[in-house]
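Each chain gets a letter, A, B, C and D, in the order it is written, and its residues are counted from 1.
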Amino acid sequence: MKRVKVAIVGASGYSGEELLRLLQHHPGVEITCITSRQYAGERIGKVFPRFAESQLVFSAPDAGAIAAAAEVAFLALPHGLATEFALPLLAAGVKVVDISADFRLRDPAKYQKYYKEAHPSPAMLERAVYGLPERYRAQLAGADLVACAGCYPTSIILPTAAILAAGLASPEGITAASLSGVSGAGRKVDLPYIFPECNESVRPYAITGHRHLPEIEQELAAAAGLPEIAISFVPHLIPVNRGIHSTILLDAAPGATPDQVAAALRDAYAAEPFVRLLPKGELADTKHVTMTNFCEIGWAWDDHTGRILLSSAIDNLTKGASGQAIQCMNILCGLPETTGLLL
Amino acid sequence: MKRVKVAIVGASGYSGEELLRLLQHHPGVEITCITSRQYAGERIGKVFPRFAESQLVFSAPDAGAIAAAAEVAFLALPHGLATEFALPLLAAGVKVVDISADFRLRDPAKYQKYYKEAHPSPAMLERAVYGLPERYRAQLAGADLVACAGCYPTSIILPTAAILAAGLASPEGITAASLSGVSGAGRKVDLPYIFPECNESVRPYAITGHRHLPEIEQELAAAAGLPEIAISFVPHLIPVNRGIHSTILLDAAPGATPDQVAAALRDAYAAEPFVRLLPKGELADTKHVTMTNFCEIGWAWDDHTGRILLSSAIDNLTKGASGQAIQCMNILCGLPETTGLLL
Amino acid sequence: MKRVKVAIVGASGYSGEELLRLLQHHPGVEITCITSRQYAGERIGKVFPRFAESQLVFSAPDAGAIAAAAEVAFLALPHGLATEFALPLLAAGVKVVDISADFRLRDPAKYQKYYKEAHPSPAMLERAVYGLPERYRAQLAGADLVACAGCYPTSIILPTAAILAAGLASPEGITAASLSGVSGAGRKVDLPYIFPECNESVRPYAITGHRHLPEIEQELAAAAGLPEIAISFVPHLIPVNRGIHSTILLDAAPGATPDQVAAALRDAYAAEPFVRLLPKGELADTKHVTMTNFCEIGWAWDDHTGRILLSSAIDNLTKGASGQAIQCMNILCGLPETTGLLL
Amino acid sequence: MKRVKVAIVGASGYSGEELLRLLQHHPGVEITCITSRQYAGERIGKVFPRFAESQLVFSAPDAGAIAAAAEVAFLALPHGLATEFALPLLAAGVKVVDISADFRLRDPAKYQKYYKEAHPSPAMLERAVYGLPERYRAQLAGADLVACAGCYPTSIILPTAAILAAGLASPEGITAASLSGVSGAGRKVDLPYIFPECNESVRPYAITGHRHLPEIEQELAAAAGLPEIAISFVPHLIPVNRGIHSTILLDAAPGATPDQVAAALRDAYAAEPFVRLLPKGELADTKHVTMTNFCEIGWAWDDHTGRILLSSAIDNLTKGASGQAIQCMNILCGLPETTGLLL
């Protein structure tokens, strides 16, 4: 297998660590450049001791040097910085797979509303393909800029979009309660994230205006064939390292049946290599998917309220970030989609 | 202060431990009898080493002996067994404060539906007062049988009933997503509860037909002045020892305003010694209430969906079980309601 | 009971929080002043939401104001700062109970060696009484400056000193392996203490030159009647919020017997209100003592190696810091020693 | 690569799960038989949902069927049962890699002493090769019965044997303090292992007579060239899922130097694919090795006591059990030793 030369830009956070974990054993890839402003010159084992055996060395991030070294660049940068690198890389012919939220929204007005500033390059929002292979596989094949789906969005869109696309539930009144492990906050050194503040604690946060909300709504609206959808999205922080669980409640459409729900999920995902469908009445558990690229989807039909309950679990760093980015890269580069992701 | 003689029947589980923790320092109480079938004859320190200094000894449960020793009996028994003890104890003039679910439902048909058997003594369902002081204080004062509110129900009913009673939200389409620590399952020795199965895991369970559901709906219907309400209640198990958090979403009634929500909560609970109201937009966190009898209530108004979001946190073993039982007992016995509960 | 006026200086860390938790319900105390540079002007509920009901307000730390308000000042300050406050407070007649390490070492040379700077006020090292009531009760009664024993030292000194004082073990070759919860690092916002770096991790640290080492050795030497002792002290960080466990291994003295070990511990601590002695062969567990001022001590006799194994558990924030400080304060002020500490 | 046919006997515990995780992606192996008395007839996804995509089905354990299906059998059985299967399997020409403790001790008297019964087949103790490749690689190459090193023993023997073999420390007075995650107890449904009993708790156990003790001493004596060694071994249970950390203290031999320690470790392990040597003064952390087959070894020289401190970390289920078993199998079968273990 000819190896694709890849760069990891901003490799010292948890998404970067997960890219390193997976790409070091990816048979179709050669890591030719990894960058970190803070750790330039250091071997990666200095930052991530579990990679002590690797000879890889961080370099300072420089678009020219990245373009010279790589055919594909993964951007694992804080919000805002991704655009800065994506522009020159694309101009130099490098394909860009971005893990940040910079290119996920199609509507610059939504970006402005949720990020409190104008998007620096609205043209790139049009150019970017949403990096959720189960729903955008065809478009990803020819893309050069991928906006990988976020962690909460992946866990909510996958189960919900299939139901909405099949017309089995009302697009109104949808509620998603999501629970995320602390690594979802990134490698962030801040009081709310120190161990004694997180352990033996659970709390919701950002219950209005979370930046993942417009992304989720954009994709659910697309699935439902509507211009807009408004949902309730309640993220909670729980004391686990890795994993996101989402419970989504939808009002069943008049006449919809449990068999149709089963069929809709089956039709959408039975052939998907990274979606695990559970039988009716069984629910997802994060521990079944941590350290994997799987999304586990369970569901139930609630006669009591006439609602469909969807339950999904992913590893926020794998299917919710770096694994998904690699899955997209495999498609972009014409590699078998599961390459490097089934170990 | 004259001390009330109390018995703890079934004292070797986590609710029993919490009763012991609190009652040993309760200035208005003398523990005269604690029972455990399994540990009869042992000092309590044998089962709960943190009470090694106590001279209390478990005896085998016997209604006659309990009645001879105590004026009030706390029942911390598995479901079903409570009735067996409550009948003879009441007959002997002992007031009964039950922590199990045996007497919480007013409608025997609901009991039959959710417990899959006929209630052994429907008359007692009428006799029992629901043990949630913030909503049944007056009735508790003269009660001799208290059915303490359950842990999930307490966390959901307190915030939600105030909003429904004020007519600020629709009684339809209510969703409650709750997260419970593992002690909520009791001191149960079963594969799903061993450490490696719970740690680094989160999962919903019993999403249809949870036995707390009819209890929650009974009380919300009462608050709304309706014969019936159907809600979605989704409990999840998370890796903490103690604590329940509930997020409840309600559709705001036409014309309702955030100020009215603030006022409704304030009117209902500002004077309550064990309810902590947070300012608009702040959310509850279990770690603020663990080891206390407080219910912390936060809320937000979501313009985006026209919904009211309520957030509540309690310690499942204190305000969700044993602390609440003691609060009820204080009322029954004419003691100041916070006695022994503010330490 | 006449209430002693107390100040808490530096009350926004975990030791300060624990002092507040305990002192708010201490019947012999009135909190008249709490300080925090960072949170001056804020109610304590702003920093510690679990105290939202309290009217206490942080003020900026000022020795004059503290002296005007309080008879006893608890110092919960970072190392180095305590001296700055202790000097003027003592001069103004305020008794000082210090939780930091500033006054624990009697030998200024040891201070210089382990803290890499000269002690700012060697005279105060002579003046200070070591705040471990089980070993310095008489001296504490008349003290005006208390250097509370540290968390690791308390857990190691209590069991070990009794054995050494009885001559039952060699003072050479002693090994103490200690495990501490993360709150032991204080409310420190630093990468090694964020949740994903601590959870699912265990690691030793500071295995040479830990600042608690000379303190432990000073007290063990005193117990053994020797000028110096050198021990191996290995602290580890484990993913719990609260609790320290220490396992100490000593070579049994020639002729020493298990019965003598039992007797030595019994003679030293059977009458102590905050020491729990376990029977031979039973070992301490942190969960038996968290949120209490107890030190649980277990032990075993290892025929295989001729060693005595001691096992001790404390809550690092209670008996290891704030509870101990209050116990010392009770002695200083002539209050019953357990006042406010048995709840 | 021709694939070796392997069986996993007793595959429904945590060691079995870890064997399945690793062997399903091992390019030199075909899993032809997996057994479980309890789950015979079920697909492995039923027991381990993370393997839901696998077609493997548990069969009832039967030596004849195993021998018909496999060239190598991994035994992940409770103590005692391994012998029952090993005898007929060996007789049928199947190579046996045992993860239990049945064949680890060379001396039947030691077995009798620590297991309280006579060994059922002392001849097999002679036949078995100790499954610690870093120290028995040559013997393993020709073995047909491997007694894989235990989890605690691996973590202690690897660092300590190198130091003793080089004569750099006294074989007397060695102390090993070890901390193990709860999966080390197996998938055991017992009160001490339920979540609320383990979380926020740390405790030593089995401090005299642990069954791993004679195994550790046997190998350390061999390394030191002595007939016997007696050490202090103190295992603790800590609230993590996976990982063992051991801190070992040894009295430096007269004249030994830090440089010699560094050299001894380097000579022993620099070329080892699964040993990670840290620089002097750096210490091992379990989170660097979880889910890998690595043993991380750190060390320090303590001038204060004249002791050498060794620090090691492994994943108890990988290098401490199933990964090690596969490493041994690779050697037995002439496969590159790291095959399937570097992912």
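Going forward, a residue touches a chain if its C-beta (ideal position, glycine included) is under 8 Å from a C-beta of that chain, and two chains touch if they have at least 3 such contacts.
All of these numbers come straight from a predicted model, not from anything done at the bench.
Each chain's centre was taken as the mean of its CA atoms, and the one lying most distant from subunit A is C.
Here A-C and B-C are compared, and the pair linked by more C-beta contacts is A-C. Per-chain CA centroids place subunit C at a distance of 39 Å from subunit D. Inter-chain spacing, taken between the CA centroids of subunit B and subunit C, is 37 Å. Each chain gets a centre from the mean of its Cα atoms; for subunit A and subunit C, those two points are 47 Å apart. Residue positions of subunit A with contacts to 2 or more other chains are 199-200, 239-241, 285, 287. Those residues of subunit B that touch subunit C in the complex are listed here as 25, 49-50, 52-53, 200, 276, 285, 287-289, 291-292, 294, 296, 342-343.
Per the touch definition, subunit D reaches subunit C in the complex via residues 173, 175, 177, 179, 197, 199-205, 207-208, 213, 230-232, 234, 236, 238-243, 245, 247, 249, 251, 283-287, 290, 300, 302-305, 307, 309, 311, 313. Of all the residues in subunit D, the ones that touch subunit B in their complex are 14, 181-183, 187-191, 193-196, 198-200, 239-241.
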